[in-house]
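Each in structure tokens, the structures are laid out below.
Shared between the two complexes below is chain A, which has chain B as its partner in the first and chain C in the second.
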Partner chain A sequence: MPSSAALPQAKSQTAFLEILRRVRKRWYCYVMMSGTFVLLVAFAYYPAASAIYHSFTNWDGFRHPEWVGLKNYRSILTSDTIMHSAVPNMVLLGLWQILRAAIFPFLGAAMVYRIRNEKLAYFFRLLYVLPIVVPGTVFIQVWRQLYDPNVGLFNELLKFVGMKPLLFLNDPKTALFSLMFIGFPWIDGVGLLVYLAGLLAIPREVIEAAIVDGAGDLRRLVRIELPLVVPQIRLIVILNVINALQSFGWQLLVTQGGPIEATTVPAWEMYRAAMVESRFGAASAMGMLLFVSVFLLTLINNAAIRSNIEYQGG
Partner chain B sequence: MTTTIIAPSSRGAEKPTRKVTRRRFRISRDWTLGLILGTLGLVTFVPLIMLFELSFKNEQQMADAMWLPALPLHVGNYVRAFSMMGRYMVNSTVFVVGTVTVSIICSTLTAYALARYDFPGREFFFMAILALLMIPGILTLFTTFIVTINLKLNNTNLGIWLPLAAGAQAFQVVVLRTFLASIPEDFFEAARLDGASESQMLTLIALPLAKPIMTTLIVLQVNAVWNEFVWPIMVLSRPERYPATLIIMRLGALIIDRDLGAQYAAYVIAGLPILILFAFASRSFIRGLTSGAIKI
Partner chain C sequence: MSAKRVSRREFLSLAGAMGGAALLSACAPQATEPTTAPPPEEKEYHILQWAQAATPTPEDAQLAEGEARQVAYQNIADEYMALHPNVTIEFYTFPGGSSSEDLVPWLEARMAAQDAPDIWWANTDILMPHFNKGWMLDLTEYMDMANPYVDGNKSWKDQFIEVALISQLSPEGKVFGVDLDGVGIMIAYNKEAFDKAGVTTKPRTWGEFQDAWQKLKDAGYIAYGASILGGGIGGYNIPHWFSGHAYNQLVWDKVGDWDDDGNQKITSLEIASHAQKGDFPDWDAYLKFAHLLKELEPFLPPGYAGNLDIEQLFRQGKVAMFMNGNWATGAYAADPLPFEYDWLAFPVITKDIWPDAPEKVVRIQGAWGVLQYHVSGFLAEKEPDKVPVCMDWLMFSSAPENVSALCSETGTLPLVHDATTTPEMEPFLQPYDRAAPYESWWTLSEGGSQAEAKLFQTYLPGTMSDGEFLDLAKKLFDEELDKVLEQNPDWKIS
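Right, the complex of A and B next:
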């Protein structure tokens, strides 16, 4: 064991020995972390570095890649499919997803928060969280059935009230809005619980003081509760930004981005480039652009929605 | 309007007449809110109610009136669906158990080391994990796929377990580290005086205290892996290895041998294990999320 009583050495060397001594003392810490870091090196750090490097190449995934500089980026930024269909679709779907995730669970949480009967309040928490047990693919299949132009529930209802049936996901004009309507009335259970946690953390005296001052329900909601759940809003916005930019489940399983590019998004174009056309270099460049977008939006979100309250949530 | 002002501020001792006013007010207000929330909840559940109802119908009943309930109930749909889904349910279970085991063991050990010990490079390792939270999964999705192919892990269990466990490390480590760091040092000091070894402090002190938060993380991950379909589509080329939630997409696309009733029953069955898990864990899961126990 290297002791401090060793011969006087250069300062840097003693510092080095000191570190070595501490490493040897806590050797088991590195052993404990080894599992995580083996996983991360193989399936996170290396793939990330590989994606950054290969975004500048014409890699097909297997053969030796050739350096092509910014060509992949240039062809993405000049592609009609991406710039005129996929990006606008993503912006629209993303903004809507963020808005609805911020608003509707909050309104739901505010209502649950006002219920005084504890059993009833718990029942509603459970009721709104329960749909998370439905697998994504089952959810997709059921909604697809509801939208079915021939036997779907929505067309049956339209016929019932005497309106013309619609093609929904099969019509370029209605496909995107059909995707946006999915999940109505959009009270996401996890979001509701996150907001409820924020509301329950508001000191009782604050609410009571407002009520004594004659603040009605709406005033209380907008002036007191909304400002005090800003940390939760920020969390939900961040999570949904990340999710909105990279989700392509409906495109992969149902629409394939169609009809005629009506529902395509960059993440789906990326999947096609990689898995259908073996253009891994181009897909990596698209991944880089999405990564930069997520990063910038997160920074903007952090700067725009400021709060002095401790940052916590689900 | 007067009741609005009196009611919530009236706490503690008060005259019986006021109490009566308050109670009546409370009940009517709860009723209104309950009615709104109940209606919206019902609308949320309409697609699932429809699915449940379809799963008991035969094709004739569907042709007569697709969305209206019909008698008799065809329970046979479920019998046929179970025999179709059996092997895929096993596949899903193997994926979930393997991924969660690998993931939770790795993340717990790492989080514990980062939270309780001071060692050279601790900050560096933690930042390296924290940085991953900023990288969207889609950036690394396709290069991870190539790594998996190169390691010859496609069409294997490890090809599902390891990449999915890696994907969950950052979130789990950060959440667990925050929690473990909040355990007062006194607990460990007391154990040390009683002669506990370092490993006993992990198993006898830290883990029991972390049980609620680990339950929440496990429930979240079981749910996520059971529902995962993008990664299995990419690395599994043989449908007989598909998880249950993926095979139902194929049932929906079948043209010949189509068995609609059993197909809807299969959708219900694919969600059953998560429903059962939730029935056991919902209380601590809801508590965990509502108390803000999960912090980043």
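Right, the complex of A and C next:
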């Protein structure tokens, strides 16, 4: 009779053999999946693994990498530019992006949801969504022109009402806030559609029951609609967190992280290290730190944003 | 839910279809890959070249208003191919812009894949940090060969105006580029603005420029257009071009001490070497340079610390003068300005401002035009027999009549003796005493350029003392030096 210690080992062996049996039975499925798997390894997992390795080296992208251990990580964590400018900017921009993505598209979706006339609701939905087709670089150039200190529309309006013109992106004191203002009124088309889909999925009888019980518009919004779109909020928040940590389009096209590091973020510093300074090892280390940050924030997001009432469809 | 069973026949049919599709896609021709060697009796060569602004306009291209069809290099290629029927020259259309932000990442990718065009454009300065990566062939020995397409030529390098070679040498003094044209930098000014402001004579010295700036400002103009950030003209003005014209006047006699190889150009290697020895930069002269910029600051446009479109402001008549290059003459001919313009040389710094000032004219003039060509380094191993063909084609391109045709079309300054260009280039052909041997921290590294920009973003609008300025300047410079030495450990002096 086998001993009690041998039983778990025997169970796991049996389970393994069962898996092998099933693989052998459907071998052609695994063969057909192998192509996708190879591409995934080659273009997703291998570059990531390579970046992990190179983050511990001094590498210019061409010559043989020199192992330097934790030197790149130490440089990043002791860098004034990264720790005193880039990270605080990223936190501020990230928090703002989360608030912006969570609040304004939801309010826009709630307004469209309440429009009774179908044609009018469609018109407003289209109005909010149409700007998605504008390429990002065009959007950036338009706002850059609006912000131009000499010929931009904003300063012309300020002068018209008798106020002093501002330097916006060209002044370290106002550059970051100018970046945050971009996109006003911040009703992002994709976010609006996601929230609207969530609102439309709420069964009509739930809303009608609330109306019968005497719930007003605001109470319905806060007590019924908002809790029932928590999954959408969670999704929007995590997507925007990832975007906030990774994006540097404005820095690349307009500010170069300035003036005087006023708008720099870690992703921009990572790009500079790789593409301007050919310090791929340092850039890989920065990428690793960003990855860990995104991963931790995703876990926190999933744990923190919950609702007692998540509607289970079915 | 259970999986549908796939019969053996169905699986074999599917696998066959997928395999056929894979085979077809592998056999599809690639658009820009050079052809392989032909049968031994007559080897054929296909040369792919990115000619930058000299790229002939494709026949089916839609032209913008005022844009002329470019044909010069195609005509030259047709002539060459008639002489050498086994050689095909094809021109490559670059997918992005030509700024270093676009070019270097493109080169990184193309060189890693070894599928760059055989001959490609780059201002050799941009390649300074990458010389040791094997991206470009060393052309030094070809420069000593005779050019068979130029009567009486005994050495190819004799064809070139000196600045074409000295401004493009690698840190080790090697030649990596064939530089057929160049640029000159001067100050474009609005003649109507000058008339309205009462500036009746062309200023020449720093003091005369200061008077002119004040008059222009009093007349409501932005006297001098420049910004610290940004690609294009704005970002080149401060400190890059300004340093090239001003700082070089302040260190006129020191340049020889830094020019270890005597090629009249301060390279990144020489900067790194002398910085480690402690005699570069000359910080007293650098502080004076900063003071000159501080004197200019009140006449700069609002928002100069960031990214401004100076060209737009000049065209709108808001900016009275700004530094620009000879290429602008072509742009202004195609899209005329709403006012008359002319060119000024950079102010001469006089001895009352700086006692050691030579009171001579420095000009940024060198091989940074649109006809700087490099040969891909990987050809030496991948297709070694193509290299002499590429060099032969470049020698043909460099014949004076061909360079004249190219420069007339692109509106650039020829750097080949006996080649001509358009009459609009005349101001840039005016004599000067020295081509700027050094410009800015950009010569050390691209990161150095951004560090220097940060320095002046902090200094110019603020109230830093001289000591604070020098402390910050030295800190930023040393940080960039450390990064450069990390990338080039053999440059370290132990």
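Just so we're on the same page, the second predicted complex is superposed on the first by the 265 of 314 C-alpha atoms of A that agree within 3 Å, B and C clash if a C-alpha of one lies under 4 Å from a C-alpha of the other, contacts with A are read in each partner's own complex, and residues count from 1 in each chain.
FYI, a residue touches a chain if its C-beta (ideal position, glycine included) is under 8 Å from a C-beta of that chain, and two chains touch if they have at least 3 such contacts.
Predicted model only: the values in this text are computed from it and were never measured.
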Joint occupancy of chain A by chain B and chain C, clash or fit: clash
Contacts of A:P47 with chain B and chain C, given as first, second, both or neither: first
Chain B versus chain C as contact partner of A:R26, first or second or both or neither: both
Partner chain(s) touched by A:T137 [first = chain B, second = chain C, both, neither]: first
Which of chain B and chain C A:T255 touches, first, second, both or neither: second
Contacts of A:T298 with chain B and chain C, given as first, second, both or neither: first
Which of chain B and chain C A:N58 touches, first, second, both or neither: second
Chain B versus chain C as contact partner of A:D171, first or second or both or neither: second
Chain touching more of chain A, residue-wise (chain B, chain C): B
Which superposed partner A:E277 touches (first chain B, second chain C, both, neither): second
When the two complexes are fitted on chain A, the stretch of chain C hitting chain B, from 19-27, 73-81 or 91-99: 91-99
Chain B and chain C footprints on chain A, overlapping residues: 26, 28-29, 32, 61-62, 144, 151, 252, 275
Contacting residues of chain B [partner chain A, same complex]: 4-5, 8-9, 26, 29-30, 33-34, 36-38, 40-41, 43-45, 47-48, 50-51, 54, 62, 66-67, 102, 105-107, 109-110, 112-114, 117-120, 122, 125, 128-129, 132, 134-149, 151, 162-163, 165-167, 169, 173, 198, 223, 226-227, 229-230, 233-234, 244-246, 248-249, 252, 267, 270-271, 274-275, 277-278, 282, 285-286, 289-292, 294-296
Residue numbers on chain C that touch chain A, as the complex places them: 3, 6, 11, 14, 101, 104-105, 108, 111-112, 129-130, 132-134, 222, 227-230, 301-309, 312-313, 316, 318, 445-447, 450, 453-454, 457-458, 483, 486-487
Residues of chain A that touch chain B when the two form their complex: 19, 22-23, 25-26, 28-30, 32-33, 35-37, 39-40, 42-48, 50-51, 54, 61-62, 108, 111-112, 114-117, 120, 122, 124-139, 141-146, 151, 153, 156, 184-185, 187, 190, 193-194, 196-198, 200-201, 207-208, 211-212, 214, 216, 242, 245-246, 248-249, 252-253, 267, 270, 274-275, 280, 283-284, 287-288, 290-291, 294-295, 298, 311-314
List of chain A residues in touch with chain C within their complex: 26, 28-29, 32, 58, 60-63, 144, 148-151, 165, 167-172, 175, 252, 254-256, 258-261, 272, 275-279
